[in-house]
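The structure that follows is given in the form of structure tokens.
For reference, chains read A, B, C, D, E, F, G and H in written order, and residue numbers begin at 1 within each chain.
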Amino acid sequence: MRELLEAVADGSLSPAQAEAELNGYVTGDAGRFDAARDQRRGVPEAIFAEGKSADQIVALAETALETTDRALLTRISPPQFEALESYVDETIPDATIERRETTVRVMAPDYEPPSIDAAVGIATGGTVDGPVAAEAEAVCLDAGVTIDRVDDIGVAALSRTLDQLERLRDADVLIVAAGREGALPTVVAGLVDTPVIGVPISSGYGYAGDGEGALAGMLQSCTVLSVVNIDAGFVAGAQAVLIARTIAAARD
Amino acid sequence: MRELLEAVADGSLSPAQAEAELNGYVTGDAGRFDAARDQRRGVPEAIFAEGKSADQIVALAETALETTDRALLTRISPPQFEALESYVDETIPDATIERRETTVRVMAPDYEPPSIDAAVGIATGGTVDGPVAAEAEAVCLDAGVTIDRVDDIGVAALSRTLDQLERLRDADVLIVAAGREGALPTVVAGLVDTPVIGVPISSGYGYAGDGEGALAGMLQSCTVLSVVNIDAGFVAGAQAVLIARTIAAARD
Amino acid sequence: MRELLEAVADGSLSPAQAEAELNGYVTGDAGRFDAARDQRRGVPEAIFAEGKSADQIVALAETALETTDRALLTRISPPQFEALESYVDETIPDATIERRETTVRVMAPDYEPPSIDAAVGIATGGTVDGPVAAEAEAVCLDAGVTIDRVDDIGVAALSRTLDQLERLRDADVLIVAAGREGALPTVVAGLVDTPVIGVPISSGYGYAGDGEGALAGMLQSCTVLSVVNIDAGFVAGAQAVLIARTIAAARD
Amino acid sequence: MRELLEAVADGSLSPAQAEAELNGYVTGDAGRFDAARDQRRGVPEAIFAEGKSADQIVALAETALETTDRALLTRISPPQFEALESYVDETIPDATIERRETTVRVMAPDYEPPSIDAAVGIATGGTVDGPVAAEAEAVCLDAGVTIDRVDDIGVAALSRTLDQLERLRDADVLIVAAGREGALPTVVAGLVDTPVIGVPISSGYGYAGDGEGALAGMLQSCTVLSVVNIDAGFVAGAQAVLIARTIAAARD
Amino acid sequence: MRELLEAVADGSLSPAQAEAELNGYVTGDAGRFDAARDQRRGVPEAIFAEGKSADQIVALAETALETTDRALLTRISPPQFEALESYVDETIPDATIERRETTVRVMAPDYEPPSIDAAVGIATGGTVDGPVAAEAEAVCLDAGVTIDRVDDIGVAALSRTLDQLERLRDADVLIVAAGREGALPTVVAGLVDTPVIGVPISSGYGYAGDGEGALAGMLQSCTVLSVVNIDAGFVAGAQAVLIARTIAAARD
Amino acid sequence: MRELLEAVADGSLSPAQAEAELNGYVTGDAGRFDAARDQRRGVPEAIFAEGKSADQIVALAETALETTDRALLTRISPPQFEALESYVDETIPDATIERRETTVRVMAPDYEPPSIDAAVGIATGGTVDGPVAAEAEAVCLDAGVTIDRVDDIGVAALSRTLDQLERLRDADVLIVAAGREGALPTVVAGLVDTPVIGVPISSGYGYAGDGEGALAGMLQSCTVLSVVNIDAGFVAGAQAVLIARTIAAARD
Amino acid sequence: MRELLEAVADGSLSPAQAEAELNGYVTGDAGRFDAARDQRRGVPEAIFAEGKSADQIVALAETALETTDRALLTRISPPQFEALESYVDETIPDATIERRETTVRVMAPDYEPPSIDAAVGIATGGTVDGPVAAEAEAVCLDAGVTIDRVDDIGVAALSRTLDQLERLRDADVLIVAAGREGALPTVVAGLVDTPVIGVPISSGYGYAGDGEGALAGMLQSCTVLSVVNIDAGFVAGAQAVLIARTIAAARD
Amino acid sequence: MRELLEAVADGSLSPAQAEAELNGYVTGDAGRFDAARDQRRGVPEAIFAEGKSADQIVALAETALETTDRALLTRISPPQFEALESYVDETIPDATIERRETTVRVMAPDYEPPSIDAAVGIATGGTVDGPVAAEAEAVCLDAGVTIDRVDDIGVAALSRTLDQLERLRDADVLIVAAGREGALPTVVAGLVDTPVIGVPISSGYGYAGDGEGALAGMLQSCTVLSVVNIDAGFVAGAQAVLIARTIAAARD
């Protein structure tokens, strides 16, 4: 404790870093950042950008970078991204910015990315499932898991699905995203012995549109699946990371 | 007209038959019976037994037999069936009674069943889809269409589905019934060039149970399907008959 | 196979055409295009434009034209259409572009349209049903089916409906689109012996607005109907094509 | 006031009658009875039997008879009816009991029924709509309105509807009850210039079953209708009475 | 008939007017206009502007003016109104244009407005109910009914309601519009003997917002009410007109 | 701690009592009983009987009596009550059993009931609201709060409501239960300056029946209310107790 | 009365002030203002700005200031705020304007704010709950209650919640706002003996998003809570004020 | 193949066993049994008893025992269990029958149960979650996974939850079942680094009762969870088995 306070006193530790070490979270202008989530939960804290101002995004990213040397942001809009990029360019010019559709990772130059010896497969039914799959992908990569992504294998043309079966079987955990009727996770899970996490996508229209049909199809599936909320790519990715970590630990 | 009334007068035509000929429907104690439906619509009128008393069932069957020489009843309960059977045994002892789960056909001895030169395939996902498929089957048989029924080919074990593909391709029209996530019609319709009518089944539990998930899956299907209401086996069968009749007419 | 690869080698076949011939689908930048759908399913693949970028639209249309000599696009927005038109003008200046409300067909100069000896009737309840009916119409025309479209015959003024009955009876299959309470398909299907496919339209407001009342009315109909999802003009048209093809085959 | 209390004192007025005259309602064991409803509202208070015990039914009927010389009960079950009948037989043996499906009227011997110079038409789509129509009928008869009831004219066989048009046009107000898709009030209201009150019936099954499809169809109707809740035969009848009273008053 | 065609030939009758007289409806570019609705139904046809283009609005108004000398338009947007105004200014400069929130009446100079000897009361709970009440008001005025409108008497401050009771009692029919919990029609209908038509308004937020709470409150009301769809001011007004006409006829 | 264990050893304290003192809860066969709830939360733990077996009810009541000298049970069925009564008669013959519709309190002879110097008013709209109001009443009495219950003052006959206003104003907190449209809490809360807790009742039928209309009406209320779940009489009572305790504490 | 009219006559009282004193409400251009709400109900009337024009906002604020010397406005948009600010700057330049996210209080220079001797705690789960909490805060401050606000203590990182427990226990009443799954009020209410009012927030996405999951979680809570509608910060604040007033009265 | 048929011929293999080996499934009277599920999917096929007749249950169990030497049945009713027990007692008297609430395992005497070196923790919120947890437990035990079950730790008394944290942390995968507001999985998942599968339980009443509130709470959870359908104990158990198998494989 004494040490910590001395480090703050001599400037080698910022107050935020000290608070993070003591409390596990940091109280900033835009809310408390759960800096200890990685240790406690095994998945890093991400910043959910939807509905926040550009200033709040920058403030939260700043805290994340200060305390964990990286920041992971999901559902970021173009103006939010520009504000973030400007901030990073000015303050940490050597940082790496990785953008995947609406998901962004920022890594400080001295950030040492983790590595987990396990593979997550991510499959999508069609083009429209891309941004959500990218969210899942980003959280997996951020945690150091190996990724294999297989796109556009919806069951309307079943041979597209069956052609990719071997790749799907190679993964330790599978994330399968699909909209409309959401039948892809059911068909895949009936053919592999890998745990499958279904992600309903908010596509479709009319009755049970916006992902409700896909959610219904996955919860009612005759095969064995677990499911996350509609478009919850981050949650699916983080759950896959938790499983992958356990597998990797067993491998050691 | 004169002729008709004379026939009533001399007893060779009952008042109900005369009314049916003149109006197209007959007014009985338990409601009006649409005796002319077969001519006007191409599908025979059926008696929906659910929610009616045994007496009403008998009265409606009586009118149907008197005016069309046969009666088709759906969703019949055991006590309703017993009342019907007693009535038929007493009044038309030579009649044929055909029972298929909860669907019943009664045919007078002089009834000449129609015949339509077309084939309807009926596929089900599992055991629980039986009574609804039987309803569709009965209306097809009643109209004289050839039937091929393929049971228990749900997509959870995809090879069961694929093994039956050739039989499914042989039909002129396909009725595909499935509960839970209702993915079977989508997978089938993606592999054949036959029109497919999906029938959602009120199985399943929890979120979107009682057939809502299946209905959602069929309406949101990425392939080409048309759909009837949950458990509407009669409607699916009658729609298949209408299509089969047109095909048969073209064959002549 | 050897032949095919030689054709690719000497440039008489593009790689996309070769992939289409081998796999049945083509993997492009904007997803896989199901080039073999026409053969396998009897209905051509259409490009659902909603929610895609103008670039994705052009890329998908390019693949469609390259492998099937035509492209059918539904729910296209004005900017998407402009991008498509520019692309076609530049690369296939002799192509024919046919626009029907929000549906577009592009046909290469050497495209030989199919022809099916069967007639589909398309009826609408009111002005607002137009774009969805146009979608159904386009897929029928694309498949070579004869069309008779009868507009604005909603049941609020019943004589408008009854006046058109003979035209409706002449079709082999009927598509009937209606919003609000969706009673038109029920009234029509009670008066003709043609199979009727109901299309609920997302009009209406308040309770059960946006097509839910119309969907409910069609699924609960006392007559015989099959139904597609709200606004699913393409699906209704394609289902009518599948039926029409079977009828035409029987006519041969 | 003095007079009233003296009448109570000498037994020519019961305490309940006195309370009714003073307060407009009577406080009994099974709740307060709105004895003044007839004067204040123009429709008599009815006892909604569903969910009450037989004892509560008898107690409420007793208060109604004591203060208004008649009792109107809706949704009465067989055991409730038996308890009521026993009570009436014992205490007011000369009373008249009128039972119409699940609706019952009890009239004391000295009850002078009102009479209103106006006619309400009640139409139903099918057999299953009977008990709700009977509820509407009972409240109209109780108020002294003339009734014309036309059953089983659902639109699936449109000629049944059109054949009864003249009778429907003769009423001052129309109550039209229909289940399933609930299209009958729309078709009728499009053809007459009488105000139509639609009553959705809790028939139907699957999606929007139990009257929700019928309610949706009536609220979304393209014609002019007002609507009551599903199965609310009493409310429809009472609303018709209010309109009929105003018309009759104008006739005087 | 001959006469009619001669009138068309010599130009004293437009083709639209002739069609209206023969068929009861007119087929224009923007749909069929139900010109005979007034005679057949007792309420004039209105043009529902929502979701139509300005051109379609003008075309429909033109037909309405040509065949009935007036036009009633509901849910009109500012640009639609401007287009309409320009058209009227150019072609019928002497016409009267009456605008009431989002409802507009156009009357040709030679239009003779009808008059009905009956009074409709229109009450609202708050400011936000204004546009819907104006719609009801316009259709009543168009039909020649006398109107008394009482605003802002919601039950949250009950004395505001009770203070206006006498005015409400004076009407022959009452239209009561309310949003949020929709309790106003219930409280009013419990205190008057006039028929009350409830109009739920799409205000409110959160659970059962957008008028669903108000619709629920009115359909579940313990008093006697009939109801129209959420925001259906036109339907409520037209239903009140139908009742008012019957009353006025009885008064004659 | 030592003392406690010695008390267990010499039998003056049961293991359950000791566990309750140490942990705040007791682990029994039928689950853990939250014996410390009263101290921690200010409201006693109640046993929710619905869905439990008679044996489980007895076991939980036994634990409650052993650790807190009383037991409060809600939603108890007749067979559950009989089992409870037998158990109490056998094991604590001097105990007091208080039954209020479906709610039961058992008090050991040496139980000293608490007393809180504050008054809770409980109002209901009609007879059907009784059992839920009794639940609220029992928890208030169990906590020692004074109760004033006013029944059957629904707004359909507004004078019944207004007549009781003074009594309602006398309470420190008001619980107002109402089914159907649930307008009573709104009308009451608009007239008093007491905090009102609304309890929607699962009465009503058709659209928004089973309490949904009442819940909607209370959440959308234009006045100031807080609400509990449908039929949650216990929760309303306990919340009133928490408020009453704070008021009583301030009074001291 | 005479006095009042003389005061109007000599200008020392405006007509609005006189109407307010006589009727309890003022009839202005933008509706009736419930000026007596404070006296009658114990909570001041607030102006709900959503859906009103800037002119209506200014008119209502003018009436509020004229009759109660202050105005409280919720859900105000930037243009509405600008219009209000301009009006105040021009007409009451010495007035105080207090803005808290989307809530605004205007106080005339001679306004004497009330003071209530009781404390309300306001807790939020995350950043997104801010504007609703600010609404609750403003109404409490307006009524003179002491506030302690504790932000960003959602249960995903439980130590953040537990760290603030003592502060939460110090309040007389707690308002707890939370979105997504809405578990915070349950966890807090299980640990304190203060009455808790839960406010569900319209955050979340997919199934049960927009606050429905939070509302469900609070209504289904296993602990004792009362609830207001989604985002109803004003209602929660006003209900807390009503409780606080009773407590403060008891303290005197 | 030849060998297999010879084994059938000489009776050392039943036709069902042969079909299972060849096709992966067996066609029996009560449907096709997916005998190869264990190999293909890693989880054994279970027989879902709900909605099947006792005869169908026995027939399916017979096939399961014949081809896999064991049978796992879920949602079995007492009469179904009795029929099963009779069958087993007669035909395989040495078999072991294990019953866990509504779940049953039957193991033939020569059945060699598998063993997986991984541990699944199963936690429940309350007594009512028992049968669903038992379902999950049975499938885990059937697959050979080690189980630790922790009951009755709902968050209403948070210390009950926190007291069990260490046991929960010891599992490789956690299944957490909870009804009502379903907050337990969220609180647990926020405190451990184990993957958590939430199972919503169909308890609760009123708004979002029957498990919908719990499902909403888990899908909207701010922490990382995956979810199965309401009451889907089997699915949760099987998904945990799939994860446990992968972990155990990595351990080898």
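Everything that follows uses one rule, which is that a residue touches a chain if its C-beta (ideal position, glycine included) is under 8 Å from a C-beta of that chain, and two chains touch if they have at least 3 such contacts.
These numbers were taken from a predicted model, which means no experiment stands behind them.
Shared contact partners of chain C and chain G, listed by label: A, E. Ranking all chains by how far their C-alpha centres lie from the centre of chain E, first place goes to H. Chain B and chain C touch with mostly matching residues; of the residue numbers seen at this interface, over half occur in both copies.
Seen from the Cα centre of chain G, the chain whose own Cα centre is farthest off is B.
Separating the centre of chain A from that of chain H, both taken as means of CA atoms, is a distance of 30 Å.
Spacing of chain A relative to chain F, judged by their CA centroids, is 45 angstrom.
As a whole-number value, the distance joining the C-alpha centres of chain G and chain H reads 51 Å. Contact with two or more other chains is made by residues 40, 126, 156-157, 190-191, 206-207, 212, 215, 219-220, 223, 229, 232 of chain E. Looking at which chains touch one another, you get A-B, A-C, A-G, A-H, B-C, B-D, B-H, C-D, C-E, D-E, D-F, E-F, E-G, F-G, F-H, G-H. Those residues of chain A lying in contact with chain B across their complex are 125-126, 154-158, 180-183, 186-187, 190-191, 204, 206-209, 212-223.
Against chain D, the residues of chain E that register as touching in their complex are 40-43, 172-173, 189-195, 197, 219-220, 223-229, 232, 235-236, 238-239, 242-243, 245-248, 250-251.
Contacts from chain D toward chain F in the complex involve residues 23-25, 27, 30-32, 34, 36-37, 40, 50-52, 56, 200, 202, 211-212, 215, 229-232.
Those residues of chain F lying in contact with chain D across their complex are 126-128, 151-153, 156-157, 159-160, 163, 203, 205-207.
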